[in-house]
Each structure stands twice: as structure tokens, then as C-alpha cells.
């Protein structure tokens, strides 16, 4: 069973190692994801040119791939970087933002999932879409896009099909490796009124992947830390603007006691 | 006459409908525009690839086109999205950032204005430039770039030529449909020391266009809400950094009474 | 000897002239760099299309070139803009972000440094890399990447080779023109936990280049103002999130007395 003590130990390892986390991410969240990683104790870099992503991922300790503001060259860069990461043993995480919104996006997310990320994080709809994309040619309908049971079953399938730890974030976050499931009941509803917090959570998981070989544990740790930081921030915030600021502060100032006292894992 | 009660009713409709607002916008303001829309109660998406903008605008309730950090593919994406929006009845707003600064920018803004946006928002110089661009081949000089009367006359002409509601923002904001004119005397000078607040105001108008078919009224409502939020924020801020944060908070926490008490429409 | 009074006089000039500062910069910091320039009293524009950078730099009072999130078209745009700046007497500054991380980045930074920027700002590793790039074909090893003496010697060489004022930022900032050296012992360690503050410092130097023809003095002034603002902000901040906000506030509210009392030049 994952405990606050285990998660804290991993966080200490992040701060000690200050892993270089290579992000190919969207333009909306670049600043916040970099700041979340810095507040956490990691060392972020945002590098997306096809001419250098392979060189850069090779000197990094983790790779974060996020398709938020997708365009053709970015897809190419993501594929190059993911392939090199896989070849050189650099762990990587996929954030399939808006995977189901357009055919273009669905195809890109599906193709990246085939490159065997160590972890995948999305909301229920994104994970459902991706689970369908990775099952050869069948259009199994889903009755309800927001039924977390349906999404969780999809997450299990996706984890089994890709070998990734799969996280569904929402009111409660779930992480599965296809067999085990952990639920994290932290966070705060106001977090949904700030753009890109899911993307920042993905980046934070990336930092934990750099220090923990078991992707399932790293994913639980990253989400737990981020959700607890959001919860602390929400208590201090007057609205979504100040929440975003306070969240970065909380990622920097959170104590082991804060984490232990607040963590609600199941 | 537009009243605070009318504006509030529209805002309630935004919060109830949570319209998906498709933004093709500049890289400087993507994060803040998304956050302004979330704080307001809308659902933003930043999508700019030519490969998917047409699909995405078709599932959106409004489109925001902003030429701030222009480049060739973005112009193409804006044109595709605007044309599809027009064809499918999705209202759209144009923000001709820096329209007069370079020939490239002037041409792009002029071409987009021809695609019949439902609303246009800019500062005085931008509206003057655009009014000239939309008048066939004449270079009518303007005596003073900052004389609001001159810009207002240009706004009237632009509204008549394009069919759009046209807003000029500045110390006082003006909205015209070519005949009617409303002045909004809210806001605060410190807002000019924060980048991209005009762009965020445009995005907020986009959300109101999603719930109100009369573009003139939607534009007045969007600007009024944004300017009052800025005014509340300026009272709490210690400088432009905290203003930006407080503005997002105010968009989330503003009450009907705040709006009614502060609104200065004419 | 540069004094707080001299720096303050230059800052007053920035506020009076409100120079248009053209930035071709990375996507991570666009918002913060623009806001830093606005808080300082300058007028920022983020313009990167090859189709318009030459026209735009010609109407600007300074140019900032930053290679953070590099891609091919941006390199081309940087070269076009720098060449035009040089041809029309617009001062410009180069920020060689991550210059040594990949061959692609090393080549781009080296090529830009050849275009004779008026100033260059980087951390120790970046300046060391760039100094090597500008020395014809020799791979002189550096014993320690973080020894500030080594970096300072490289900065001197780089200044001599390019004619630029060269700044190394770190716990203590150094500025040299190849002969003179000034050390600025302001700032705060928490600033390293906020992304892109170095980039914002570069942009602020750009604003001072617009009002002071001697690049060495402008660079010292820009760094001093920025470091003191960071120091004030760190005293008010609860973590890196609030530091970023407070820094913008401090750039707007700092008094001459604040500057004089805190400045530690040597």
C-alpha cells in the first residue's frame, strides 16, 4: 500500500536529484508547468524543435508529451522524442489533451499511445477515447462519458494494452496498472476553474518518473502531491487567480506533515 | 437601454450553458484568456492547427480570432475557422491586435474583417486601421490616432461595412453597431500595465456571443463585466502583478450587486 | 562608477520615452516578459513572423532576441530582425537560452552572436558555450562549468570578440565590456525557482538599451533594477508563485529610495 511516507521519500529524491524534465507541451500551460516543476524541486526544459528533441531527451531524466495545442511539426517532434526516450530508457508520460475532440487529435493521441509511454494521464473522456483508439478497429460505444466506472474500466484496458500506468483525474483521481487501482480523494473543485492544472499534474508525475522506476507508484505519488497542493491552495485562495499562485507556493512549502495529514488514498 | 440586470441575466446564461469557446489567439495571452473564460463560467479551448480548426469550431458555441503573434499558418487557420463559423452559425469575434503596425498585419486584419465577424474589438488605432482597410482603396488620413471621436466615427463606418458590433476600448470603452453607441466608463488605468487584458476582454465577449444572438448587446455585456472586474481588482492590487491575479478572482466572485453598483453605462 | 542615482535617471528616461521593445522570445516567458516591460514603464511587443519582423524592428527602439523555445522559422526571424536592427541603429540584446544543451542550439546561439548584439545575457554555462562558439574552431575545455571566475573570463573574451556588453547572472551578477567588470549582489535564491526570470531580466535590459547608448551601463542598470525588484518581492512572497506576482508589483512600485538603499554594486 502506498503511504504518505513513501510519497514523501520519493519527493525528497526529486529534490535531491533535481531531474531534468523535458517537456513537449502546449502553449497554454508552458509557463505554469515549468513553474510547477521548479516549485516541486525538478528542473524543467521546454524543447520542441524536431532538430533537437532527440538530442535533448537523451540528456533528460524524464519526458512529458502533451498534445494540447497540437500542430503537425509538434506531432513529429513528440514521436521522435518518445522513440528516443524508449530507446535510451528515459521514462515518459503522455497527456492526450482533448483526445476525442477531433479526428486529427484522436489519431495523434492514438499514435503516441502506441509508442509505449510509461504513464498516461487524462480526464475520463480522454482516457475513454484513447482506450478505444488502442483497440484495433472496433467502435465500442460508451454509454456515459462521465461515468467514472466506465472510464476506469477503459483505463484498465488501456494500461493492459500499452503497459503504461494510467491515471484518470477528476473529482477523485484513479491510477491503475491494469490490475491494481488506487483512488486519490484530494484536490478541490475550484481547481477546474484554472486552465491547465491537469497538464501541470502530468508534468509533476514526469518528475516522479525520473526517480522511481515503477510507473504506477510514481504516478500515484505525483498526483497525490499535486492534489494536496491544490487543496492547500484552495483554502488560501479568493478565486481561481489566487489559487494558481497559491498552488505553486504550496508545491514549494508543503511539509511532510501537511502531506500525511491530508492524503486520502484508497 | 442596456442595464446591469440585463447583463447579469446574460452572465447567468453563460454560467448555465458553459459554452465551449474556441480561441485561435496569440501566445502571450493564451493562459490568461483561458483563465478569464474559466473564471467567467465558460469552457475555453485553444486550438489552432489548420488540420482541426474547422472540425473544432463546428462543435463550439463561439469563436475568438486574435492576430497578436501572427504567422502564416495561423492566418490560414483563422480564415478556415471563420469561414466554417459563418457557415454553421457559430458567432465569432475578431481582435485585430496591432493591425496598423506592419503591412503584413494590416493585410491579415483586413482579410479577416471581410469574413464578417459578429463583433470586433480593438483600441482606437486598431479600429482606425481596420476601418481604412475595409474601405475600398482609399487612404483617408486620420488627423489624430488617439482622438476618440475620430476612432468612434471609424468604428461606426466599420460596423456598417462589416455588419459587426465594433468595440473600441480605452479609458472609456465604446460599442457601436453603426447606429447605436454605448459608452462604458468602468475599468482602471493600471489595467494598461498588464499585457493582454484587451485580448482577454475579447475572449469574454466571445462567451457572451454564445448566449446572446444580438452581437451589440453581447459585446456591451462582455466589456462591462470585464471592466468592472478590472475595477474591483485594481482596488485590491498592489501593482500590475497582483491586478492580473485579482481580476481572475473578481470574474469568479463578482456579485450582481457589485455589477449594478459599479456599472457606468451611457 | 555606476550609482543608484544614475540608474534611477535612466529608469525615469524609460518611463518618459516608453520605448517600444520588440521581443522575439520563447513561449514560456512571453507573458511574463511583456508584463515585466509594462511594469517597468516600457511598451512591449511580441512579433516573430519572418514576414513582419524587419518592418517591426524598424519602428522599435530596442530588440530582444531569446532562443528559449527555438524552431527553424524563429532562427530565421531572429537573424532577419537582428540584421535590420544593426542596419537601422536599433540596439539589441541576445539571450542564448540553453546554448550548450544541443548542437542545434549551440549553432543558433553562435550564429546570432556573430550578428553583433549590443548586449548578451546568460548564465555561466551559456556564456561559456557562447564564448567557445565565437572563437574560431578551438575547443578549449573548461574545467568547471559553474566556477564564476571561469565564466567571467569567458564573458570578457565574448565581450571583446563581439563588442557586446556581456552579463552573467547567478547568485551574483557580473557585467563586462571586456575591460570593466561590475558585480551586482542583489536578488534572492527563490528567484531560481520561478521560470524565465533570466529572460525577463534580458527584456528589461532591452528597455534600458533603448534610452542609453552605452550598452555596458544600460546592462548594469537593467540587471540592477530587476535584481532589486526580485529582492523586494522575495521578502513579500510565500513561495515561487507569489514571488512572480510580487516581482511585477515591485517593478511598478519601487522608489528611488528602495533602489538606493538596497543596491549592492561593486
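When the chains are written out, they are named A, B and C in that same order, and each has its own residue count from 1.
FYI, a contact is a pair of C-beta atoms (placed from the backbone, for glycine too) under 8 Å apart; a residue touches a chain by one contact, two chains touch by 3 or more.
Everything numeric in this text was worked out from a predicted model, so none of it was measured.
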| item | value |
| --- | --- |
| Chain contact topology (line, ring, star, complete or other) | complete |
| Rotational angle, Cα trace of chain A fitted to chain B, multiple of 5° | 120 |
| Shared interface numbering between chain C and chain B [over half = same, under half = different] | different |
| Whole-Å gap separating chain B and chain C, where each centre is the average of the chain's CA atoms | 33 |
| Residues of chain C whose C-beta touches two or more other chains | 27, 31, 244-245 |
| Chain C - residues contacting chain B, complex | 27, 30-31, 34-35, 38-39, 44-49, 51-52, 55-56, 59, 73, 244-253 |
| List of chain A residues in touch with chain B within their complex | 26-29, 31-32, 68-72, 98, 101-105, 192-196, 237-242, 244-245 |
